[in-house]
Each structure stands twice: as C-alpha cells, then as structure tokens.
Amino acid sequence: MTDSFEPTIIGFTCNWCSYRAADLAGTARIKYPPNVRLIRLMCSGRIDPTFVFKALANGADGVMITGCHPGECHYIEQNYKALRRFQLMRRTLQGFGVEPGRIRLVWASAAEGARFASEVTAFVEEVRALGPLHWGKNGTVPAIAAPATIQKEEVPA
Amino acid sequence: MSDYILYPGCSMETGARAYYDSLKAISKPIGLNLKEIDDWNCCGATEYFGISKTPAYALIARNLALAAEEANGTRKLVAPCSACYLNLVKADHYMREQPKFGRQVNEALAAGNLSYKPGSLDIHHLLDVIIYDIGLDVVEKNVVRPLKGVRVAPYLGCMVPRPDYDHRWSDHDLPVELDMLLKTLGADVVDYPLKTECCGGHMPQISPATAFEMLRRLISVADEREADVMTTICPMCQLNIDGYQGEMNGFFGTNYHMPILFFTQLMGLAFGIEPKELGFGLELVSAKNVLDAIGVKTPPEAPTPPVPPRKPRKPEGLPMPTPLTNPQIETLKKEVTK
Amino acid sequence: MTEAVSISSTPISDPRQIEDQTLLKEVASRTAGVSNLEMCIQCGTCGGSCPSAVEMEHTPRRLFAMLRAGMREDALKSNTPWICVSCYHCVVRCPQNIHIPDVMYTLKTMAVDAKLVQDSTAPDFSQTFIDMVEEYGRSFEIGLASRHYLKHFPLRLTNMMPMGMGMLSKKRMNLTPTRIKNMKQLKAILKRAKELEAEQ
Amino acid sequence: MTENMIENTSSNDDQEKIGVYVCHCGTNIAGVVDVVQVAEWAAKYLKHRGVVIAREYKFMCSSLGQELIEKDIKELGLNRVIVAACSPHMHEKTFRTACANAGLNPFMCEMVSIREQVSWVHTDKVAATAKAKAMISGGVERVRHNVPLEPIVVPINPATLIVGGGIAGIQSALEIADAGFHVYLVEREPSIGGHMAQFDKTFPTLDCSACILTPKMFSAGSHPNITLLTYSEVEKVDGYVGNFTVTVRKKARKLDEEVCTGCGICQEKCPRKVIDDVFEAGLGYRKAIYTPFPQAVPNRPVLDVANCTYYEKGTCKACEIFCAPKAIRFDQQDEILTLQVGNIVLATGYQLFDARRITNYGYGRLTNVFTSLEIERLTNAAGPTNGNVVLRDGKTAPKTVGIIHCVGSRDKNFNNYCSAICCMQSLKFAHLIHERTGATIYNFYIDIRAASKDYDEFYQRVLEEGTLFVRGKVAEITDVPRMESEKGKLIIQVEDTLVGKQRRIPVDMVVLSAGLEARSDSKEVAKTFGISCSFNGWFIEKHPKLDPIATMTEGIFIAGCAQGPKDIPASVAQGAAAAARVLGRIEQKQMALEPVRASVIEEKCSGCRICNGLCPFNAITFHEDRMVTEINPALCQGCGTCVAACPAGAITGTGFSNEQIMAQIDGLLMLNVEPEPVTA
C-alpha cells in the first residue's frame, strides 16, 4: 500500500530565503513532487511547535521547516531559535511515539532553488517510506472532523 | 602516567630497531606508558592502496579493531612510524567521511569476527604525543646532558604534517614542533627548509634515478647548512637517507657523510642514557661525530651556538613583516624559553 | 572492468574514438573518501608542488583533464600514478581539496585491472610486498628486496651489496619472516574484502 | 496604534464575503492546472466558508483583471480577496492596490502562488490541480482571519550617518551634502581617504590615485554640510529608521584641533620612529605623533600613546615644546558624542588577506616577497622609496619579478571567492614595475578576469609590453636552489598548465596579489547596526540583484567593499546609489512601514519575560511598574519569534497571527471542505 501512498506534507517557509528559493525553483522550472503545500511566514523563528503538531494531528504525514542558513537570517539570529525548537519538537514527537523523521529542517537561501527542490523530493520519499500517519481521532477522515476543528479555531484564542 | 596503545609497525622490529630501542629507553623517564597491540599486522604501507582498495583498508582496519578492543579506558593509539600513522588515521577518517565505505570495510572485518566503529580511537603520531600530551617541560626536566654545539637538521618527511586531517600541526610545510623539541634538548637547530620534503618513499626500488635526486636535495642542503646530523621521525626517511646515501654518492660521484638519527635517540642521549641502549651504531652512516661532540664536553659551560645577528638599532632598508603569531607555536616557544 | 577495456580498445589516434563519459565518475566512485575529483579547476597546484613531476608523463592536473575527456586508455597507460610518492604536498595545497594521492591509487588499480601498465617495476614491487604481507601478516624486507632486485635491477645488486650486508650484519633485516599469530583471521578478512571489491 | 489593532482583531464578526480569482497567466498556469475546474470547485465547495464568487481570467494582473476584482468588491461587497496566481513577491502590491482603489483595506487581500509553486514545478495535471485547490482552500481559511491594517508611519530625521571615510563613504557623503542635507562622516583612522589614498595609479586608465581622490577628500573635509569625525568609532546604535540615536567615541588625538595649525613641526621634532603598519603597509616609518600622509584630511596629527616616549618614561614632550600655537594636550580624554540621524550608510571597506598564512609563499620569511599593498607603496611617488621599486635592502632594483594572482582567493583553504580586483591590480603592477625598472615581469594566473570597461584592453596592452604570462597557480616559493642558475634567487615553482610541465622560475622579487577580506570586526559591526553578514563576513544586501544597496534593516544601507570585493568605479557607483536612496527617504519626510508587527495584549501578559531576550532589534521593553512587556512597533521587524514563544499567547503577530496560520493549516489539509457541497 505504501507504493501507492501519496503523503501530504505541510511546509513552513521564511519569507526572505526559503520562500524565495521556492519561487526560484519555479522560475527555473525545477520539478519536484506535488505533495508539499507551503505556508509563508516572515521567519522560521515564527514557527510555534503547536503549528507543527496541529498539522500532523490533523492529517499531514510530514512537516518541513525551512529557513535561512545559519548566520544569514534576515532577522540576524532567529533561525537559531527555530533550530532549537526543531530539536525540541523531534524529542516531543518521539515521546508521542511518532517517528521524528516526519519533520525535517532545511536551510535554503534565496539562491538555492535547486537545493529546495531536491530537499523536498528527498523528504517526500522519506515520508512515503514511513507510510501514512494516522494520528488523532480525525486522522485520515478529515471530512467528519472538519467542522469541529474549524469551530475550535473560531473560538477567539 | 598517561597510557597509550602502541602500534609499532614492521620496521620498528627490523630496519628501525634503533627507533624502537630508543623509544623504550626514553618512555619511562617521560612517563609514557605504551601497551603494544597484540598480534598487530602490517599496515600495507603505500603499496596496498594501489593494488586494491577494500583489502588495503581492511588490512589497516584489523589493527584499529584490535586496538579498539584492547582500549579499555584509553582511546589513544600512538604510532611512531609515519606511514603507519597516516594509514591508521586515513582508514579511520575515510570510514567516517563515507559511512557506506565504512560499512563495507566492517563487512570484511566481520569475516574475522572483528568490527571497528570509526572515530572510536584517537590516533596520534609519537612526536605529537611527546610535544602536546607529555609536554616539553617534562622533557626539559629529564635533560642532563644537553646536546650543546651539535648542529641538528630537523627532518619530518611527508606523512605526519600532511595531510593532517585533524589540524594538529603548526604548519604543513615548516612545522616547528621538532625544532622546539631539539631546542629543549639543548641542540643547535639548523634552519632546514626541506624539513617536510619527500625522501623518495619506495622510489629507490622503482625509479632509482628519481630517488637519488630527491636524496641529493635533502642531504646536500643539510650539508650546506653545516648540520652535523639529521634527525627524523620516520623509519622510511631514515632508511632512505641512511641506507641509500652510499649508493647515491656513487650515482652522483659525491661523498656526503650525513648521519641521520631518530629524534628519540637524541632525546635519550640528552637524558644521559647509554648510547648502546639507544641503538647507536645501527646506522650505516656513522653518527659517531655526535657522540664525540657531547662525550668530550661537560654540560654547564659549553660554547653557545652562534646567535643570529640582532636587528641594527638604526633601521636600514625596508622593514620585514612580523611573523604570524600562531597560538600553538607561541605556547611551545614559551615552554622552551622557560 | 572488462567492458572498460573494450571501450578503449580503439587506438587514441583514431579520430572516431568515442569519449568515455563514464571514466571520471568511475574513478571518483572507486576512490576512498570523497575525492572531489569533479571539482578540479585545472590550476596546476598539484603539478607545481609535485617533487617527482619531472619524471611524470602527465602532471596530475593534465591526467585529471584526460579523465574528464574520457581518454581511458591514455589515462590508464600514464606512468604518473606510479611516480607519485604520496608526499601529500598537492593535497594540502589543492584549492579544491581533491584527494589527489588517493585518486592516484585508484588509477593504479584500474590500470592493473585493464592490463594497461607500461613499466611493471612499480606494480611488481607493490604486488611482491603485498604477497609477503598476505603470507605472513608482516612485511619481509629481505625476501622482498632479493626477489624484487633480482627481477628488475640485477646489475644494481653489486652497488647494493654494502648496504645489504650492513643491514644484515646490524640485524636491521631478518633472514626469516615473522608471522602473526592469527593469520587465519587476517586471511579470512582479506578474502572477504577482495570479494567485496570485486562486487562493485 | 497597538490599541486599534486589538480592536480590529476582535471586531471581526461581520459576515465574510470572499472573492476567489484564479489566473491563467496565459498558459503558464492554465497549461498544467485546470483553472476553470479550480474556480468552479472553489465557488461550490468553499461556499460555506464565505466564498461568494470565484472567477478565472487570462491575466488577472492586467488592468482588465484588476477591474474585475474592483467591480466585484463594489457590487458584491466583497470584504476578502484571494488571488491565485504568481508569487506574492511578484504581484501582491498590484492586487492590494486594486483592492484599495475599490475601498477595501489592502491587507484583506491574500495571494496564493499556483504558478511558482504548482504549474511551473509539477507535470502531473491532476495532482497539480488538486494541489492548487488545497492551496486556495488554505488561502481562504487564512484570509477569513485577516484584519484591516494601517501602515505604521514614522518621521525621517534629515541627518545621515556615514561610517567609513573611504572612496565609497566620501562619495556618498558628498552626494547627500550637496543635496543640502547634513552628514556625519565617521572614520576610524586619523584621516579619510581609505585604501585608495595608499595607491599610486588606478587601473585601467592609470590616472594618479591621489590626483583624483584628494579633491574629493578636501571638499568632504570643508563641506558646510559634512561633520567629519575622524579617529572615531561608532559604539552603539539605538532607535529605528527615521530616528537612530548613535553613540560615537572620538578618540583623544592629544591635541586641540582648533588650536593646531597642521604645521607639522611636532612630527618633525618627535624623536620616536615607529613602523607604519597601516598607511605604509609596514614598509615605512612614521613618528609617534603623526598625520598618516601629507594630504591627510583633516590635516591634524594624532599622538599614538602606545608608542610615545612621554607616556612610557614621563619625559620628552618634544612635540609640546616645539608646538608654536601650543596645541598639544597630553591630558586630553576620549569624547563620547551622541548623534541623531534618520538613515545610515555603512562603507567600512575591506582588509587585505594576510599572506603570511600561506607559508609555502614565504611572505614574512623570504625577504623579497612583497604583498600587493606593499607594492602600491613602493610604486607610489610619495611612498617610502619615493616611487623607486627596490628590493627589501632599499637599494637594488629587481631584474626579474614574479607577480602571483589569486593569493588567498579562489582557494577553499583560505577564501573560496574571487576577490575581483586582483587580476587587474596584478596587470597594473606588471606595467608599473616594468616602467620603473625595465625588469622582466612574470604573471602567474589561473584565469585572467578582466571583465569591465576597458579592462581587457589593458590586458592587451600589458601583453604588448612583453609581460610573460604563465597559466598556473604557484605551488611554492623557495630560496633553496637546485642548480647554479638558481643561487641567490627566489625560485617560483609552478606547473605551466599550458605546457603541462613543472617549471622553476628564478626571480629577484615576488609580488603576492593578496585578495580582499571582510574586516576582521565586520561581524561585531553588523551586530551593532542590526544587519546580517555572510559566512565570509561581507554585509548582506536586501537582494543580490535587485537591491544591492539596502539591507534587511530599514534605514541602513551599504556601499563599497563592505558588501563584497569590488573596484573603485563600482564602489563609487554604490556610494552614490546609497546616497540616492537616502535622499529619497529624506525627501519623503516620513515613511510608511509594513504593518507586519507583533503587539502585546497586556491583559494576557503574565510578565514572564520569556520574550524579552528573543528580540535582536531591542523592540521589546519590560515595564517593571506594570509588570508587562511592550513591543515598540517601529523597532519591531515582524519576524514573529516572540509570538511563537509567548506561553500565554499574549503576543499577536499582525498579518501572521496564530489564527491565520492555524486556519491555513486546516485549509491546506482540506478540513474545511464539506463532503457534500452545501446547496444554496
């Protein structure tokens, strides 16, 4: 079944490097599998572990976190914070009994479209190898759980 | 005090017996406890790589595996022979650099119920250990018969300061470690620019002409710079310069007489150990002149070696840039001038 | 390897000779560690640093260019790898961190496999040396020397005599080889290693 | 400002009316994504999420496309817009402006990049179309939580700080000053002029460096709009674009600049000779009290305390004794100045690669090996040898000279980049040394890079002059001869790669064309000014191609070699460009900042201070009295790190709020899509 399995992956990108890398991959017409859906943040430092766990809990099979290379952060050093949170998240996932390999941290500068594409390709393969992640009640049947989750989100935080 | 696993290498028991004898003689006073690997095998020198890759590395890896097994507590493996040292380091390094290759080598080892985890040993050359672990201050304490007035050309050869994967040496071309050691022994160190040039390796067996030319360069420069003796840290270098000097003289019609000793022999000498214990006399080009030089002299007041002329008070010409300060070298210098 | 020979079976002078695009990759993949061979910028630091370059038919740089050009036969015929003394000057100076001596080792192996070695002195020396090691687990100078010199430099033996005698009289050469205890183990390891080498 | 943002977030109960616009981009998108199907799908399956209209159109960015959106906003009363087209970096402004024109707050419009992220990178039409749908659904969920935002407007202080008095800094300063605005020009050394002042001739025109630089230095020194702060360093920078507060340390010159006449008697009488490592590149001497060179601006000496006999022994005072106007002040202390500026230009320049690091080239060990900067001084008529090119002995002229390119450049062991100027500089030396000495000149190069106006022509000229070119990176330089002809020479050992043979070339003098490096303290400087620098220490520009002058930090611009190796024309151009950018800002008098900011909801802030340490822009301040944290919206750059870190969820990031992102995740996972379409 894993052969036909197409993983769904949520990718977080930083507005200054990795999102532009994705743009560049596009303009350079570099092909990669369509399993990744990107969210644009201003900085990898913005990533709240909740985002990652929520994505996995609500049906994503993997999460890709991308940012500027160490020392080249648009906001000077925030990507280091992302790095620290990433380590933390891996450990937490292990605690949950989820393969830490389902999240991946990628540094990609605005000039590294090719790198971005190859990293996505590699990650998709890794997650495909891991198989689908049935996590949380909603797991693979999102439709049923859908209204609920949406409602929850609409309650003012 | 500090324990090390020793990989002697074939030549230490044959061609370089003087090296082994002198090493044994000096290791006690400087508190260097060496434990020889049981049933070690040849490292394959530079020959096996050219025949077949995997067997070459498996051959080396067997020694690493054995060493790692015996290495309870201590991780430090020390090799006195340059070629052996490099091969051991290289195997470890490439097995780390290319995990796939590492697995392959281990697969071969498995056939002998052995395995080696890359990076689990800390591999050093003997000189490195003496300088950076034992320390020149300890060496200095043992000097009872300074080699005053003996002009020594320090010669390291290739394979220890290069490729130097772990950046342990002060320089690739002109490292100062050996000079510092010799100064500590009270010797008069010759500024020898070819200290890491090649001795020809196995060329005498393959292309004599090439080898002899290389030897000529080394010996002639040592001779021009009025060295009484060369000293080395490598059995191969010693063998080539010592063993083939005669043939080389014949080849060029020269008559150089440039003895070459192992640095451990000079250490022992300065420590006041009997020359016989240090394997003196095993060299083909006799180093008797060195013994005479010290034998006759009494340590305290000896003619101080000619000091280089001071910079004139009034600067003439254009000033030279100040030498680059390398913290590693600086600490060494301090120790020596203690 | 057999197909390697067939590829380069047409003489180099033949303009129709097909460039062997697989050569560079093959050399790189057969070299221990990460060779960086493909990174060469042809600056010549290696050829400039080499203490024995004078004796070489091609400087290392030129040899690498030939590998790129897919000139398999010419490259493997070259005496360059056999003249390399593994002094590592080129390695530490190479601006692209190419493992030059290791590439040379690979080329030696490939040359022997492809039976393209011109002068057999060096390969024979290595082989004799290795035979001893595989036999005893230790090197055995006198056996090596006598065998090697008799074959390649019979005339040199007279000049060698003083040295040889010196070495013997000073017991710097053993008349009998030393053998390691667990030869069985070593042989097993090497056997497996050879199989693995052959597999790729 | 913080307040009304909160209001906006809370007062968000009006019914969402979302318009979805799917662009064909000709065939760029439509070629792979079934845009018609996507639009229909959105209209049908996202209806219950507030999508009232979904259209597809050939070119949404065309005026017709924009009108379509504007019309719908007016007629259907849309309050949210999703444009599924190219990357927001391409057309976000376009569509937000369109919305604004129709009276909708521009920040209620979001783009979904189905070109760069879908049609251009995927081939499988079905999968691509599916992904496009998912991304739109994500966009829809996100935009539901968008709130109207007002740009933050800050006033611009017309004064400008320029750091670094090299040619780039001088150019920048003059441009701004001439436009009638005030400039503070801060220089670390006693005089402005930078490296260019050390040079003799400039390539490829060979006009005299001093002749073209000195006038500029002079006008910078005498300009009514320029305050020159030499022998000074910036210590601290506070504030943000429009109003920076800069702290400058003016090091004590130990003399009263007002009283001093610059007559120079003090340096004439000073008994203490010191090797001049800075201006003379270690080749010449200066006194303990000195002006680095005759045309120095300002023409006021500094007293180098470290080397002054008086400060060592307590006697001497020769300078004071001979100073007619009595300007010497031994007790003078450093001054701390505080400047108020609106914009900052960093032109801190480069430093020369330390050639001693390449031991096989023997610089510092072999007497007649020189660096490029030393040769600049040797060839300079005002230099230590009055322009005579001689060996280290100070007399002998070389008969053969080897010039080595790429020293420390294009080498993974040192600097892996090309220093850009070395080729031309080496060609210049070849010409000058040949001209002065008639010596035979060798150039050792890997590649000749003469790619600029009239550069290759200069190469041709040097070839004509009989310079010998050897293609090969020099392996080593030694004084150990192998044959008679090499005795007493420096031997350059190299592979002549065009011949394919190793050569040993004996010469009298070796010139190392050392590369350019970022200043050793560039990383600290970057930190002080809140900008980032690359691994190699070069300051990072906002965009490598489209904005090499601005930095990621608003109000801070870079010029000259501080941004990367470049030659004089390029430095001047960049200096001028930076000035133009600053002037543009000043003319605006105020500027609007993207309202992507973090703000604290004080009621929720527990005062835990976790966020306090996270902000590299010092935008976060803690109020001890109220025990709450506040974020200065003008300082905040909107990275959102604090938002993510706040355990109480008390910090909201406008434009990238938790609600928006959480919702977008669900949208991307299609959790919002009804199994069956809700029929209207």
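When the chains are written out, they are named A, B, C and D in that same order, and each has its own residue count from 1.
Here is the rule we go by: a contact is a pair of C-beta atoms (placed from the backbone, for glycine too) under 8 Å apart; a residue touches a chain by one contact, two chains touch by 3 or more.
In this text the structure is predicted, and so the values were computed from the model without any measurement.
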Write down the chain pair with more C-beta contact pairs when C-D is set against B-C.
B-C
Using CA atom averages as chain centres, what separation in Å is found between subunit B and subunit D?
48
CA centroid of subunit B to CA centroid of subunit C, Å
25
Residues of subunit C touching 2+ other chains?
89, 92-93
Each of the following residues of subunit D touches two or more other chains, namely 360, 476
Where subunit A touches two or more other chains at once, the residues are none
Chain contact graph: line, ring, star, complete or other?
other
Show me the residue ranges of subunit C that touch subunit D in the complex, using the header's touch definition.
41-50, 53-54, 58-59, 61-62, 89, 92-93, 95-97
Counting only contacts in the complex, subunit B reaches subunit C at residues 10-11, 13-17, 39-42, 44-59, 62, 90, 93-94, 97-98, 101, 104-105, 107-114, 158-159, 162-164, 172, 197-198, 200-203, 205-210, 214, 243-244, 246-247, 250, 281-282, 284
In the complex of these two chains, what residues of subunit B are touching subunit D?
171-174, 193-194, 217, 221, 315-324
Note: in the complex, subunit A contacts subunit D through residues 6, 8, 10, 16, 19-20, 22-23, 25-27, 29-34, 37-43, 45-48, 50-51, 54-55, 58-60, 69, 71-78, 81, 85, 110-111, 117, 138, 142-143, 145-146, 149-150, 153, 156-157
Could you please specify the touching residues of subunit D with respect to subunit A in the complex?
10, 87-89, 113, 115-118, 120-124, 127-128, 130-131, 134-135, 138, 141, 527, 530-535, 540, 543-544, 552, 596, 614, 616-617, 637-641, 643-645, 649, 653, 655-656, 658-659, 661-666, 668-675
